[in-house]
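Supplied in C-alpha cells, the structure appears directly below.
Order of writing sets the chain letters: A, B, C and D. Residues in each chain are counted from 1.
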C-alpha cells in the first residue's frame, strides 16, 4: 500500500459578510456590465428573460425550409476538450439477452433498458448560473454557498430554464468571414469579429437573439488522431472579454460556440482563466453554450445565405442542477 | 454471510434462424399493421420519416402566442410509475466548496460541476426501437440480438432520432372530454375515445401529427402521499391495442401520454403486457413517449380552444442508446 | 411542466471560529468521553490505533478450525434499512454478447466487465470519521468543513484505514442471551446487556477488541415480505448512548451490529438522532460498523462455545472517502 | 450534428451446440491443463477449493510480527494500465455543507455520504470466472451466454468467492532475484523465474498457496510523468503461458501480480492476447489478481527474509458480478 498524502490546507477564516434570507450576499456588487436587478430582485433566469412570447412568435416565422439541425455532439467517446470524464453508457437489460434466455421477456419479448452516467458538462452543454461565480457571489447577488452537494443549487438551479430556451438563432460564421477552416487556438473573438461577420452576412443582432459563433474549432478537433498532442491541447479560439459590453448592449439572450470554454483559451493578457465566465454568468446572467456542433448549420447558412432560424433548447429538468445538455435544435 | 441461490436456468437451444449482413432475421414477419419496408429496407427511424420539411414549416406556423410548454417531469425523486431506480444527481464540485477553501477556484472563483446517473427511461421518456421487440425481432426485421451491453444498439440506436422530432403537436384531452379529472386506472383509450376528443376539440388528425393524449393520470399520481398504496399501484389508463390501426391509418408520427407505459395497464383481455409495445415499436416503428407532463398544456388548450402547436424534441445524442429523455417542448 | 419551488433558506451568518493550518477548529471541545489527542494531535485514525502488532499476532493465534465467515450482505436489492438508493450493477461487456457476435473477443474470447454505482454505505458498511460530526467539528477537533464535494475528506479520509482493521473479534450474542430470536425494535443495548452476554459466554472484553453485537434484527428483517410495513419500518434495536463509557473504558477498537444505524432507533429519551454517532465517531474516534451479517457466525459460536476469532477488514482504499464496505471476515 | 455510422455487422449464424439445464455447453472440452470436474461437476469456485480449513489454520500460524500490508492501490486517479474509465467518487452529502446551512443536520450535525462509480476492474482487482472464456465456454464447461446485462453472471458469479480467499501468501520477488528494480515490459515470467525466486528465497510452493509475483512494474509505472508515452504504454512484464502447468502442478490457489494483465503483454509468440487468461480462468479455474501493490510487502520480505504470511481477501459480495476489488491483506 502506498500512502496518500494529506491535501494542503492553509487554515480558514470565516468570511466577513452575511447572507440575507433571500440568499443574497450583503454588499455584493456586480462588475461594470451587469443585469443585476434588471429582471427583478429575485430573478434567477438572467437573459432568459429576453425570450419574450413576441420574440418566440417572430422566431417561429423564420422556419422556411423545414430543415432541422441538432447542435449536439454524439455522446460516446471521445469528446474533444474539457477535463471531465467521458460519459458511461450502460445497459441494465439488453434485447440480445433475450436471445440467450435471459432478460425480463426472453426471446418472445426482448427488452432493453439503458442508463447514463455523465457530467452534465461532458458534451455539448448549457452553463447554468450556479456554474461559476466570483468573490463568493453568483448571478444577481446570490451566494455561492447556496450550491452544495447536499442541496444542489438551492437557488439558480438549471430547472429555472427548463421551460425552454426559444428564440431567434443567428449564426455568426467568424471562421468563414476570416476565410479559414477554423480559427487558431488562442484567437480572441471580439466585437470587431462579431460585427464583421454579421455585416458580411447581412444580419443585425437584435435584442433576445441567440448568437451561435462558428469558429470551426470543434470540427477540426474531432478529426485529429486520438492521443495526438494537438488533440490533448486545450488551447482554443473563443470569445473575448472585450465582447462582454457588446453582448450586453445588444441584449443577447444566449451565446454559444463550437469550443469547450466559449471564452478564448488561454485568456487574453490581464484576464484570468475565469474572468470571462464571471462577467458573462455572474454579472450579465447570460446563457452560455459550449461544444455546440455548428458545422452542418454553418454549411447550410453559407449555402442559402440565411443565417437565422428558430432555436429551441430544452435543458434536462434537473432539480437544483447547474448545467445540462442543451438539447438544442435550429429549424430553418 | 448468506448464500445467493443460483438463478434458475432451463437449458438453451440455439435458434433456428440466421441473421443476414444487414442485421435482419431471415424470415421475420411483422404483425398485421406495420411499416416494415415502407421507409426503405434499411430504415431505422420508422414514423420519424413522416416528419417532412413541409410539415415542419407548417407546424412552425402554428406558433401564435409564443407560449412555451415543457413536457418534462422534474428529475428529482419521486417519479411516479415504473420499476427503475430514481436518478442520482451528484456534484463533483459545488460552488459552496469555495467558501470552505476547497474547489478549483476557491472563494474567488467558486465553481460547480454536476453529474447525473439515470436510467434513460427513469423520467419523461422517448422509447427507441431497441427498447422492445417480439419473437427476437425489432422494427423493420432487425434482430434483437443486435442490442448488447458491449455494443449498445448496433442498429436502431436512439441517435438516429437526434436530428430532432419536430412537427405538429395535437393534444387530445381524453380526460376532459370524459368530464373527469383523470381517467381510471385500467381505462383503455381506443379509437372512439381518440376520435371523440378530436371531434369535440374541433381538430382532425393528419399525417405526421404528434398526438399527445392527456389522461390526467400523472398529475393525479403526483399529488398522492408518498408510500401510499395508490402511489405504488402500477395500474393506469392508457392506449388500447385497438388504437393501433387508428395510429397507422392516420400516419401518426408519435404518440405520447401522461402515463408510465403509454399502453393501458393491465392490458385488455387477450393482450399480454407488451403486446401493445410490440405492435407500436416493432411493427409500426412508431415513436412512443411516456410520462409526458401534459397538465399545463391541457389547461392552456382548454382555455384558448387551440389544441395544436409546434412540437420539438431533441433526444440525447447517445450513440447506440435505446431511449432518452425527449426534451420536448410545445410552442403555441 | 410543473414548477419546482425554491428550497427554504433562512439566511446565513458566518461562524465565529477560525480553523488553524492543521485543520482544527479553534476552541473545539470534545464530549465527556473522548480520545482527542490521545493518539497524537494529528491523529486521523482513532481507535484504529488500538490495533497494535502484538494484538494482531495474538488474534491470529485464535484461528483453530479454519472456518471463514464473511460479514457482508449480498449486494443486490433489497437491502434492509437505510435511506440510500440501492446499488446499481452494470455490465459494460457481458460474455454472452460474444455469442451474439458482439463484444471485444466475440464467441472465441467472450469477455465480461462489470461496474458498480453505489453509496459506500448502501450495504454492510464501515463509518469513517468524516461521516458525522457535531457542532461543526469532527474527530480530534478537525473541522467539518474539510469534507467537501470538491476535495472529498481533506482530513480523516477512509483511506487512513486502508491498511486493514485486524484484531480479535468478540461476538456478543445479546439476542441469544435474552433468549429471543431478535431484539425488539427500539431496544437499547447498554452496558448491562453487553456485560451480561459476555459473562454468559465466558469472555472478557480486552483492549483493542472488535466487538460484534448480534441482535438478530437483520436476519429477521431480511425475511420480511418486500413492501410490508414492517420492512419499511426504520425502528431497530441498537447500542445505547449509555454504552459509550463502556466502549471507552474497555478501549474497544471497533463496534459493529447487525442493524442499520448501530445506535438504537429511535434514540432513548434525551438523545437526538445522531447523539450516539457524535459520541462514538467524533469524540471517541471509534470505528463503527453497520449492517454486519452476523447470523452464521453467531450460530457457529453458539455451537462450539467459542465467541472469538481473527477479524480482518480491508476497506476500499478510496482517497478522501468517508465510508466503505468493510469487507470483513472472521476466521475461527 | 454529425452522423454516427452504423457498426459493422457480418451477419450471424446460430451456434451448433446446445446448453444443458446445468448451464454446460454440450461437448465442451477444456485445454490440456485443467480442473474441470475436479471439484465437482457443478463447481463454480475453481482453485478456491484448495483453501481448506487446515490450510487456513496453518496460514494463520505464520503471523509473527503483526505487520499488516494492504495490497490495494489508492482509488483516485490516475490508475496505471487498463482501458477502463477511472472511478468516480461523489459526495451525496458533505459535512462541509452543514457549515453552509445545508445538509441533513446543518452545522449541528454535519453529515457526509459518499458514492462510488467504478469498473470493478478499474483498480487492484480479482478476476472472477465470468470474466474471460474461450470458444463460448467458461470454467468447468459453463456457457459464456450465462453472463448477460440482464441477469449478470447467472453462474460463476463473484459472489461464490465472497466467503473470503484466505490462505498462505508466498511472495516471489522475481524482480529482486533478477537484480532489477522492475522487469522490462514484455518480459515473460515462466517456471524458471518462479522456481529461481522461490529457491533464492528459501521457500517452496505448496498446494493451496497464494502466489504473489513482484515484478516492480507497478511502482515504476506510478512514478512516471502523467501523459508521458511510457505511462500510456500498455506493454508490461507478466506471467508466461509456460507457467500454466507449473501453476497447475503446484495446486496454486491464486496468482497475482503488480501488473495490469497478470499475463505478459504483448503475449509470447504463438499466443493471442487472451490465451493465458483462457488457460488460467477457463481451464484451471484459477483465481487471478491484477494491479496488486506489492512494493511495501516485497521490501519487508527482503528485510526480514520471510516471504510468507497470512493472506485474506474479501471480494465485494456482488450478486452475479464477474470481478471485484480483492480487498486483500497480508499479515506477517
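Some observations on this one:
Here is the rule we go by: a contact is a pair of C-beta atoms (placed from the backbone, for glycine too) under 8 Å apart; a residue touches a chain by one contact, two chains touch by 3 or more.
Being a predicted model, the structure only gives us computed values, none of them experimental.
Any chain bridging chain B and chain C, meaning touching each of them, is among A, D; the list is complete. Copies chain C and chain D of the same chain sequence form an interface built mainly from equivalent positions, shared numbers / all numbers used being over half. Chain B and chain D have CA centres that are 42 Å apart.
Mean C-alpha positions place chain C and chain D at a centre distance of 26 Å. Chain contacts: chain A has residues 1, 4, 9-10, 12, 15, 69-70, 72-74, 76, 88, 90-92, 94, 96-97, 99-102, 115, 117, 145-146, 148-149, 151, 154, 159, 162-163, 317, 319-320 touching two or more partner chains.
Partner chain C is touched in their complex by these residues of chain B: 1-2, 4, 69-74, 76, 85-86, 88, 90-94, 96-98, 100-104, 117, 145-146, 148-151, 154, 222, 227, 232, 293, 295-296.
Those residues of chain A whose C-beta lies close enough to touch chain B in the complex are 9-10, 12, 15, 52-57, 60-61, 63-70, 72-76, 84, 87, 89-92, 94-101, 105, 107-121, 123-124, 130-136, 138, 144-149, 152-153, 159, 162-164, 166, 272-274, 278, 310, 312-323, 325, 327-329, 331. Contact residues on chain B toward chain D in their complex (touch as defined above): 1, 4, 6-7, 9-23, 88, 90-92, 94, 96-97, 99-100, 102, 115, 117, 143, 145-146, 148-149, 151, 154-155, 157, 159, 162-163, 317, 319-320.
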